[in-house]
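Two complexes are shown next, each including chain A; its partner changes from chain B in the first to chain C in the second.
Up next, the complex of A and B:
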């Protein structure tokens, strides 16, 4: 029959498990959390009010039901999302058959495993304290579960102290423990929300992105920053237009470019987007990573979606010139238009092209049309009809980058000039604390590249014609109304903005130094510390030395409470010494003997013992139990200690 | 249930430990070299879980998972130290037990002392492989733990080795030590038998009620308690400044029993001893005076707890080559030291 003590331990084990579940509550399906909550309540009710718990058969059926439910929802039991859901449900079921100490320990272990799953899932700085708190809770619960009647406060204090002592070792191991360069098996992830630029663009799609304050990436430059009007971050390049949506083309041949202009070297720290795009300043000169392809359109496309914070060194040039004439296929692809759509726009393009002497002049005249046509830059444009481009150019005349890039490309193509839409980001906010540019999702942008004879692909940004201030200022400064209220509030106060920048710098540091600490970083750090990677022995010895140092420190710290008690006072110490000396006679003091009893025993056993010894024993008795003023006693105590030191006692023969 | 091989290994281990540590003399302070420590089952499971976490962290190159793993590694190592520390420096001050009856329940009392600033929760003790008891020893304090004790036969029960254990704080490690003490507990014969008590001749049953004045034998003075008759108060002594005392008398007219080993009509000596023990208890409970005669021992008629103990001890040790029992009805610390 479980007693109160068992119920209390159960409560703690359930708390450790519940803490682990809370870390996943926004990720797992709601019914999983609900089921876990019901099972938890059921078990706690059974502990309190003696509600009946299900029998063995019912539990087995429930477990099977749960496995089937997870299988139906995720179509697998493997993978982080499905595995987490399964673990949550199975651990909750385990609650129903938790009776003994061992069962409660299993619950705490499940809490720790959920914590591990949370670490694998998300590693942001904001969540790190939550993880630490859960680790603490689990350790405290372990203490309560392991020792009957151990008070909760003491358990928290003990667990906290233990983890604090463990921290140096954790840091040491984190830095020195050898990492794998690859992985044995990859982590199957479930479908997760994607953020950031996608592979397609319809005129309105970027608008959804621009209200997001999330960070796309951070860029740290060696040397000077590019001027604001050069901060075009190149993303997916779109060729195919069906009248409503732009898509990536079927692919062409990379035409060799002659890179020119200013050269920028910088480090990009990319936030997870679940997309395959990496971003670089227009125009990237090389692929930053073997797993990333520099496509014919000068996009950076990774082999795998970006699921974790990723860092890379990039190299870009501001200018480039295509060396060869455009191939027939490329010309065909970049002048194609959906047949029979947007007739008014086509007519306008023909008229403007006829009036212009060259392709370059045609570009200028279309830009002129946009500049003088009463176009308005707005994030909340009217909804467009089926003939989107016509509707935009001749009726609504309000829109943002997606609309302008889309319409401009259509006009170019209608005039026979090869043109394509480039999506990416424009801008970046300088963070003085961290010394880097922050590019947010709200900086998402779309612009156009046109092919002009003699100079090749040239960047044209029609939005800049309509809203030139967009080039130099972030969208959020331009249109604060698009921000959510809390974001607006945050950016409203300068001191808050400073705080925000500090927080962002801390995040950047966290991502770069902690989250992305891998084999390469480790080798770099060790070399920085003066340890050559080739010198594995030195590394090993340094690690062992540090480990031993830590162990010694811990052992020493522990002794503080254990070995050393209160130091006995000088009189007691001198008395102990006296007894040790007298024990050499062969008659040791028995624990129950007082000084006078011992004296009598000594006198009986060794009549030849010097009288000084007897006198000292009597003096001790007086010092301990007699009366006297403190000053005299202190003098006597000193004299006693001196006399004991001088006393010579011959060892007993034999 | 136990595999013979394991049992043999355990016995060898026990012998080795005994040789290594030697005989212990109270008080025993648990020093470093006599404390052993190993992971518990839970600790091994934790180790397995930890390995899985490490593998996952390494495989996915996940820094936070790795850091958590390393933190838990440190946690386990510190927990090992803390577990060890929970026994280190603890002192077993006294081990004692009042005499018990054969096949009856007894209690072995263990007194622990902790002179340090750290409390030692959940210190467990057990008789060799018996069921453990647990006690929290407070910082700079003492705590007492009683273990159930049983004896199959009368005589002297030697306490074998004691096992002191702790799995505090996290149950991941078990630290333990063995204490080999020379503690002996007196075991009275199990009272049994249904023969009626022999009543000595010359007694006058019910001649006087208890506590009356008259020809009763004067026993002594005892402190006054509510309900005592004012006629019995030693007023003269009170007048001289002594506290209020009451004169006590033994009613000479009360029952007197003389129990003789040779006279018990039972063939088996053990059965005779059991019957005698029964009579002693009954006579004591009935407030009678009783005497006991054993071959070589004669105890004059008397009554009271001290007398009862002397009689039962004589019965317990009859035919056993052992030193005379201590005068106090407690075996344990003191006689042990006298011998040590």
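Up next, the complex of A and C:
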């Protein structure tokens, strides 16, 4: 029959396992957590109230049942999500047959495995303390499970010390362990719902995005920042319009273009989204990565969705011109309009185009129409009818970037000027702590590019004529009412904003330096450390050398600990301190010298030494070697330590 | 029995014994203290020295001052075990054997020049020392509660001596070497005449019951875990040394601890300090250890052992 000590150890092991499960509670299906909870409660009830536990056959059936359940839910037992769910369930079942020390060890090991899975799953800075806490709990549980009657507080102290010992080793592993490209730990991600620009847009769709405070990416510039009104971050470029929704085109031909304007070099740290877009300022000069395509309309499109934080160096210009005429295909695609829709808009466009002498004059007159037509910028416009553009231009006259970009493009195309909608982000908040721009989903924007003969695609932002301040100020500053209450509260207080920026900077550092620490970064760092042309072998050797060095250091430390009697209690610590102080006289205690002999040696060498030192040595001799009841001893030990702290010993001259 | 005052009285008596001894054996306070500590720890004492430095005088003085009955046996090569232990003699009147007790039935036996006797006689003595009893003709006779052997031997190899083997040496708690007195004390000695003449003028300071009480006190001196650890480390260090034939035995360890208690008691302390252990260590271990390479002073070896083991903090 298991004793009380076994039950206590079981409790610790179950806590370590439960901690691991908690890390996944928002990821696994609810029934998995519920089942784990029931099994845990069952086992603990069995320990306390002697509830019956299932027999072998029942346990085998249960195991098969949960395996089937996981298979039905995930259609696989492989992969991170299914594997985690299976591990949680199986470890909970293991609880039901936990009798011996070995079984409890298995539970703690399962807790550690769940921690590992959580690390593979999510690596945000916010979760790092949670992972650390679970590692600590598991180590402490291991101590309690391994030794009967190990006090909980001492277990945490021991585990903490052990983890501290391991910390330099972890850093060494982190820096030197060869990062294999195409590594097995970059597991495929499950479906993750993330916000971000999609490759379609209907006039109202961006509005949903603008209330999101999530970060889209961060950009760190070399040299000067672009002025606020130049911070157009290009995303999907949309060509096809069916009267309600804009879609990407089928692809055109890239006319050779000539980059112009200011040149910006910067680093982008992209947050995960479920899309393939990489963002760059205005006109990117080249693709930042072999896996990313620079399209004919200057989009950056990756081969795979951005599921992990991604960093890249980018080079952009604020303008591009081409003298070549637009190809017939491109002209056709960018002037196409749904047949028979929005007749009033078409009529307006024709009227304005006849009055204008050139395409450029036509652009100006349409902008003039928007400026003077009583249009209002609002994130909560009225719902539009089936003829969206007509309804917007002639009835509601209220909307935001999506509405203005859509309407403007339709008017341009109706007037025969090739035009396309560009979606992306406008702006970015300067983080003075980290020295970078933060671009949030709320900065999502849509603007228009029109083809002008002789110069190529030119950016026109119709929203800017209605709400010029949108250019220079973030949407959140412009209309704080769109923010959720907590976000508004956060941004309300300057000190809180500062704190937020600090936190964001820490996150950026974490993502760039820790999560994204890959082979390239490693090589860079090593070259920085003087290890030139380091390859995997050199890394391996450096790693092995560092590992051996650290283990030797720990061994040496433990050797010293054994020599000191392995009990650095307060009296011993205070005595060591006293000896250090007295050594300043020039007469140090020999290791084999007892306290009274040392006192005699001191008295002989330094007659002027205060008598207090001798008294302390005698007191130590009594505390260490004398008899006495523990309470008195503890009091005297404290007094001794205090007196040692207070003792002043003059250093020997010379 | 006056209860609480007794320990103080006994302590004073021990101090008086020390003082009186110092007037008999001049200039050797440390050796005298060791000898007294040895007896207080219920240990047997081996005094090793050249003739004429006061070995016998010291033994005599100890017995006298402690108020003990004592016997002296001069060991020679023809001495038989029966000469020490006693002999059974047939009593014709009662038709039975009567055991005539030998000189060992005393409280302090001075075995002079113990290395002159044959091994057989030596071992008879040493067995009695260890067992504190004597067996003769199938009967066991207990020795008195207070029983010490103070043996003397001449270290220099001489014709007709049988050196005590290590196993026998182990039974002596301490080996003390007196050595020649320094110039000042030697002059005083020359001026003062035979020191043994002083003894009859001195009163006995203690008695057998007092000696037993002092021995009890020694056993009550506190030994902390820290000190036990230190003693253990000292003993272990002798076993780890490659240059010694043999490390210290557990009996040697017990003796070292007991002797240290005794030394602390002589210092008027109630707990043993590492200093006490170090003070008695040369006398306790030097005769039990032997280097593989002959040569080297026992005291130097003891100092090496002490220096090799750090005192626990």
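The definition used in the following text is that the second predicted complex is superposed on the first by the 533 of 654 C-alpha atoms of A that agree within 3 Å, B and C clash if a C-alpha of one lies under 4 Å from a C-alpha of the other, contacts with A are read in each partner's own complex, and residues count from 1 in each chain.
Criterion: a residue touches a chain if its C-beta (ideal position, glycine included) is under 8 Å from a C-beta of that chain, and two chains touch if they have at least 3 such contacts.
Note that the structure is a prediction, hence the values are computed from the model and not measured.
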Which of chain B and chain C A:167 touches, first, second, both or neither: first
First (chain B), second (chain C), both or neither touched by A:622: second
Partner chain(s) touched by A:591 [first = chain B, second = chain C, both, neither]: both
Of chain C and chain B, partner touching more chain A residues: B
First (chain B), second (chain C), both or neither touched by A:147: first
Partner chain(s) touched by A:601 [first = chain B, second = chain C, both, neither]: neither
Overlapping contact positions on chain A, where the chain C interface meets the chain B interface: 563-565, 590-592
Residue ranges of chain A in contact with chain C within the complex: 563-565, 568, 572, 575-576, 590-597, 621-622, 624-627
Contact footprint of chain A on chain B as seen in their complex: 26-27, 41-42, 45-46, 49, 53, 56-75, 77-79, 81-82, 85, 88-89, 115-118, 121-122, 134, 136, 140, 167-172, 333-334, 337-338
Contact set on chain A toward chain B in their complex: 101-102, 105, 109, 112-113, 115-116, 119-120, 123, 128, 131, 135, 139, 142-143, 145-150, 158, 162-163, 165-174, 177, 179-180, 183-185, 187, 308, 514-519, 551, 554-555, 558-559, 561-566, 590-592
Touching residues on chain C, where the partner in the complex is chain A: 222, 224, 226-227, 229, 270-275, 278, 306-313
